[in-house]
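So that we are looking at the same thing, I have put the structure below in structure tokens.
In order of appearance the chains are A, B, C and D, and numbering begins at 1 in each one.
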Amino acid sequence: MAGKERIAQRAAQDLEPFSIINLGIGIPTMVADYLDKDNYYLHTENGLLGVTSVEEENIDPLLVNAGKLPVGEAVGASYFHSADSFAMIRGGHVDVAILGALQIDAAGRVANWAIPGKDIIGVGGAMDLLVGAKKILITTNHVSKDGSPKIVEECTYPITSTRRADVIITDLAVFRWIHDGYVLTDLLGDATLQEIAEKTTASYRVSDKLYEKGSTK
Amino acid sequence: MAGKERIAQRAAQDLEPFSIINLGIGIPTMVADYLDKDNYYLHTENGLLGVTSVEEENIDPLLVNAGKLPVGEAVGASYFHSADSFAMIRGGHVDVAILGALQIDAAGRVANWAIPGKDIIGVGGAMDLLVGAKKILITTNHVSKDGSPKIVEECTYPITSTRRADVIITDLAVFRWIHDGYVLTDLLGDATLQEIAEKTTASYRVSDKLYEKGSTK
Amino acid sequence: MNIPKHIDVDQAVANVKSDDTIMVGGFGLVGSPLTMIDALTHWDVTNLTIISNNVGETGKGLGILLQQGKLKKAVGSYFTSNREVAKWYNEGKLELDLLPQGTFAEAIRAGGAGIGGFYTKTAVGTELAQGKETRDIDGETYLLEKPLKADVALIRAEKADTKGNLVYYKTARNFNPIMASAAAYVVAEVDEIVDEGELDPEAIATPHLFVDALVKSRYVLTKEGVVDRGR
Amino acid sequence: MNIPKHIDVDQAVANVKSDDTIMVGGFGLVGSPLTMIDALTHWDVTNLTIISNNVGETGKGLGILLQQGKLKKAVGSYFTSNREVAKWYNEGKLELDLLPQGTFAEAIRAGGAGIGGFYTKTAVGTELAQGKETRDIDGETYLLEKPLKADVALIRAEKADTKGNLVYYKTARNFNPIMASAAAYVVAEVDEIVDEGELDPEAIATPHLFVDALVKSRYVLTKEGVVDRGR
């Protein structure tokens, strides 16, 4: 299983049934492939509760998700305008937002909307979701394309919110915010504690459970 | 024609066709009897655009106006919740609010929600309508039951808003706010200029038109 | 989490605890959750704050809770429909927060929408502005109003589907959809529960993510007044 | 006053004047008034402020207005869909007001609802909070955001009745209903105009009091892209 699929599958396992979930663009959207559609309710901020996947032949150009990709309509779905949709998000009615990230830092802050030195011309719903969802789950490759760590001591990219992410799921590991910082709770695939240490510049604790298992899976 | 009916009929004549109109409790509600229902759109703040009168046999207990009286549903009506309904009012989407008054003063301020010395336990939508409607039309008996003037120099009752009423229609006269104060523009029934002067303690101007006609109709 | 359960009315009001803040839908009796209000009069709680446009009528609906001494405070716009409210208030046995109806509705919406406060021109310069902060914006004076939220909302809809989506009936809609958004636990009293997929997705007024539980109505408002249709 | 007229698209855009602020509905092309946007590209105006989630795509939709130099400013949440926006901005030929999408939507609703400003936690502590007032409310920090209003709103609905009531289609609803509430003059582009009474009163998303004129759609979004259905 390739890294992105592994991340998406692992994120799906982290969700409680009957949750209201909002999926960001990219890896988060792939999480839907691993969910039993009858037990999860997908919200998209452009105005639909009850997102499903859609077969090519049933594509409706006026039925899309926040990434402007074609989607389907679940049984029992409902439509609403953008202000009502973000009222759901900001008002704490979405249980989980699954979002991508450019960086996450040791304080739990996420940067996922702008790159320093590049034009800052788009933000979309990222800031609203980070502030409003009851739980924030970040799905991301552990390192960026050039190999540099994405889980860093302090974000150098513009942050999206001061509200911290609850869970980080990468292709290598799972981190959970416990008390005052992130705890490495799971190693994925062939990842080792040493590999995580090398590829993570943020400070974090390691779950006792992992030490007991030893440094390899 | 009794005083209240005369007031309601005169108020109806003051409305431009195709206006969106909100009617308060009492005399304002009676204005509907003098409107061609196809040419006016009645809004009620409890969540309906398209109020009509209803025959006894068609009364629906769950279809009422702001006075909790049974009403009917016009063709092309729509329902909405209370926040959306007051968004229409506060946002300036209602053309005319027709309201009753305990007092109106020379500065155009209306008092219609509380009586000094009595318990102040209800306000309803009066303050929102006075602030939000594009035009405020007050319908009221010229004097109160004890004969004291209701159009006074300065309200002694708690005011409902600092926003002034545009038109006052009583059983005796019509006043319009022009430039910096009220102008007596019409005498109703057998009213005379002298009678209005005696029963009005607010300062006001008299329209040249009335002087030309003389002091009686 | 959102698995709306069809529950018994007694289970529904068992979610109300002493000292809680409770939103109750309805404009007078229209769109009021009469069955749950009745159950609440039989439920042993005290010190409630009720957020509702009215406090019922004398000895009727929420008015019974007042007579039972269960209320600490009432937040609404028109308590005139129950003259006993003034008596309890004047005796210092009931706190009141009287708001213009539009401000009341907007404050509930704000509570549900995560808005920390909003500026309105309504009530500026009146007695209801006393103690409230004003601010000039673009040459006009506004009042700062705070959001309203509750522990439990008891609302009334016409129909639910099994997911908990709601549709309303005529002017019985009123405060119910916004209250559904502004409480930690929301129970909707309905006449009918239909299969999911039976409600038009374009016409659902309250999406199911707001609704925690469903109760079937027993007491309903008819032309002849409130009627007990039986369990 | 409210007599919604079924008018020609050229009459519709003739209401747009130089220096005006114009709201344009749609999330990308979905729910975008394509026919009126096309007419606007043929209409001689300049110095427009566009309030729209996006500024179309490069050389498409509102992107044409940008290329024509008709825009003074754009207010929205996601201009990334048109990379030329950055070029014009960097050359100082276009002002931008970038808002989080929820703040953008709420600001439009506030504009339509007569709200002078509102407090939101969204964007607190980020670059988009720069220059904005913060306030601590009940232990949390909020940003003050101002309402958005426009001279003209060009919106897209599915159907209108002859009174001007509107219903929308699936996710083509998006910003259209709130924009209908926030402009002095509102034109809705629709696929169909039905007799009054044909739309369900419980399902009307935009009551007719918001709508000034109706235009029939000519350019529509299909699976194969934008198609000219003819006048």
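As a working rule, a contact is a pair of C-beta atoms (placed from the backbone, for glycine too) under 8 Å apart; a residue touches a chain by one contact, two chains touch by 3 or more.
All of these numbers come straight from a predicted model, not from anything done at the bench.
Between the interfaces B-D and B-C, more contacting C-beta pairs are found at B-C.
Averaging Cα coordinates per chain places chain A and chain C 35 Å apart. Chain A and chain D, compared by their mean Cα positions, are separated by 30 Å. Touching two or more other chains at once are residues 106, 109, 113-115, 120-121, 168-170, 202, 205 of chain D.
Each of the following residues of chain A touches two or more other chains: 73, 79-80, 86-87, 89-90, 131-132.
Taken pair by pair, the chains that touch are A-C, A-D, B-C, B-D, C-D. Looking at the complex, you find that chain D touches chain C at residues 106, 110, 113-121, 135, 137-138, 140, 142, 146, 167-170, 200, 202-203, 205.
Touching chain D in their complex are the following residues of chain B: 16, 18-20, 41, 43, 49-50, 73, 75-80, 86-95, 131-132.
By the touch criterion stated above, chain D contacts chain A in their complex at residues 27-28, 30-31, 77-81, 85-86, 89-90, 96, 98-103, 105-106, 108-109, 120-128, 168-178, 205, 221-223. Those residues of chain B whose C-beta lies close enough to touch chain C in the complex are 44-48, 59-64, 68, 73, 79-83, 85-87, 89-90, 114, 119-128, 131-132, 158-163. Of all residues in chain D, only 1-3, 109, 111-115, 161-163, 165, 181-182, 196-197, 199, 201-202, 204, 207-210 touch chain B in the complex they form.
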